[in-house]
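Let me begin by presenting the structure, written as structure tokens, before commenting on it.
By letter and in written order, the chains are A, B, C and D; residue numbering begins at 1 in each of them.
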């Protein structure tokens, strides 16, 4: 059983009726409803405006994989909670950053770079190409996915070169993007996935959902540490 | 011409006469004196107790590659200066972290992980093996370097997998270590190099010095940005 | 269900009574007997002296992961069968090369390098360190594995830098080795694992067996191609 | 001084007057003429129909970096010469494969994969994006290069994930491509660069030429071996 927490900023959906129409249960709801259909996953949600952003110690300590969606309120996420998330990832928790979470505090901190990119919001067409078909995150996906309307995210994307680059996005307006990026960080695993925007129904697309589910399974903890230490050790051999 | 700044915490050498004997001009002095012999390099030094740690805007903005040695006073390095260093690396400056700088603020921030490791200070033998001989940082180095007395740094070293792993260290007491690690971060390049300790004369070893010089040349800026931006852009093609 | 074929040269065990004592059912038998205990695996064996080396089209086309052990008779493996194995890996089959299989024809062909290394056969101690604990191949393994007697394999190992380096070996005689190396090749996945020798009972060590089983599961095909093509395609967009 | 040999199949230019108009001195001539302007480079050319394809032992042993262009006659390249090129790269020579050389014998052998891709020859627009601006191969290049008419090469490109991915191509017809790929192989370095076709004047584009020159400098040998060995060695430490 993998314990998943789907975290969402959950502001657009509350303050913009058009977005609420697209995601009546919130982006977190759309993703969680899908993941809950998988018997191997135990799914809960958490949002910014809950106490401790819904991420109490009890929740974090019982989360194997944390999915993160944020956009307009990155700066409102409390630093002490970012600190706990960061430590929990280094101890082994998986972390999946979706779309505009490229500028979220936990993701930026894990990357160590600015995570800046080019962007444009005219709802153009994206085509998401699989470049590493043997990766489990690409399981069940064809050669590419067509996304009819998408916000453009373009290179250069200021991230560390991914340990594995699984998807590259093509945008009609002329840009490319490293859209599916896998990282090992500490004892944890991190996946950045570009598709998804509050005003397009991308998180109902079966291929996109399948990729998120695949990423959850890939990112499950392999070995969970209780703390990060820098120990002074005795020699194992006679010196 | 590559403009190098060698930064040193410079505390051990001032407070411990045995260490002062090993490095009478400080660790920064030993490294700078060697680098100055190269006509392509313009070398200066800076230390913690200088104003602004010797890293004023004027100095940083005229530094192509920053070499960093720190150990007991990582926490005394001012956060606003760390912020400037971090930004300057992402804009293109090279950064070379030596030995105990694995826990320095700028390095930890660039890595995004805890950078913890195992350690032991009994002066045992290290053998540094070249695993990527085609990398320019290994130029002029044989199959391995023998270091008679070294502080042991052992795995697991909690770093992102390096873009290129150039050296692996063998320690007599039974450990191994990823001792020479190259990273691209932002528009800058980062090299972590494990050998070197305040109480051993490692920064006089010709092979070690050669590697540091090679690293400086490898880490020179290729394209320097003036700022990090996340621009909204017009389409390049008709959509 | 993952269909595994354990291939062994199976010469040492037939011609040397001491080795036969260590592996009375052959190295393939020792590994297969262990893997068979896992309900998710369907295991068969094949050896060099069988017809078509036991690797008929029917066998290969029904193999998801091929484990390979060879040493003294690499050159006797028929090129047409190597060709088929190579193609099958690029189409999606997993391939696990054990120990002296570093010079086997299928592995060398997949790597594109000489795969040479240093070696010494005095039965010294090896300590295998986990450097990427979040990789599924390291699941269930502690910080390191002690192997009392092992043939030394030392750097420089002439392989492409692995996509993921999971284990580094320490040898008492003074060498290090990239002992656990993961690769994506074509639609398939490849794992090289250094431990194991015909005269030492390494393939009974529970940790070594666990790693082999983990590798089988990691290397299962994600998307199997029927052939490798280089197609001329129509534009997907109006040009 | 870096000794460069520019190798060209040189068939299209001889047999097709339209192509001869584009490259009156051959593709090799166009590239060599540019490189010769650099004082650090000593440049010669060689072509398929010369004796030994112009690649005698004397030529190969005095080549630091070999540039390769081939298309319709890959199969005519003699296997014994491919063998020598392959060995020379593993010993330290740089190898730059241009455009349709993705299916050339030396490149395919170095990669170990099928190197297949999708293609279309309608002369559509390509935009080549820099994704690793700190790499020396990108020196002097802006954010992207516009190529007005190009043969489309599209994913999935069956190559090993590059050690460094420097460029990603965008094609108007809807595809993306990993267009600039760096590899360490043996003691040598390999760069694959997609732009370039016999019927378009791409090898006169200043940015494309600059990248090829940058690649030559990056690929210069760091440590040249005289042979590839697998030595039995004595312990360096008491066992």
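What we mean here is this: a residue touches a chain if its C-beta (ideal position, glycine included) is under 8 Å from a C-beta of that chain, and two chains touch if they have at least 3 such contacts.
Just so it is clear, the structure is predicted and the values come from calculations on it, not from any experiment.
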Contact-graph distance - origin subunit B, target subunit C: 1
Chain at maximum distance from subunit C, centres defined as averaged CA atoms: B
Separation of subunit A from subunit B, taking each centre as the mean of its C-alpha atoms, in whole Å: 31
Length of the line joining the C-alpha centres of subunit A and subunit D, rounded to whole Å: 37
Multi-partner residues of subunit D (at least 2 other chains): 125, 127, 132-133, 154, 161, 163-164, 172, 174-175, 184, 186, 236-237
Contact footprint of subunit B on subunit D as seen in their complex: 92, 125, 127, 132-136, 138-139, 163-164, 172, 184, 186-189, 221-223, 236-237
Interfacial residue positions of subunit A with respect to subunit D in the complex: 127, 129-133, 143, 154-157, 161, 164-165, 168-171, 174-176, 178
Subunit A - residues contacting subunit B, complex: 90, 103, 109-114, 116-122, 124-125, 152, 154, 158, 160-161, 163, 172-175, 183-186, 228-237, 239
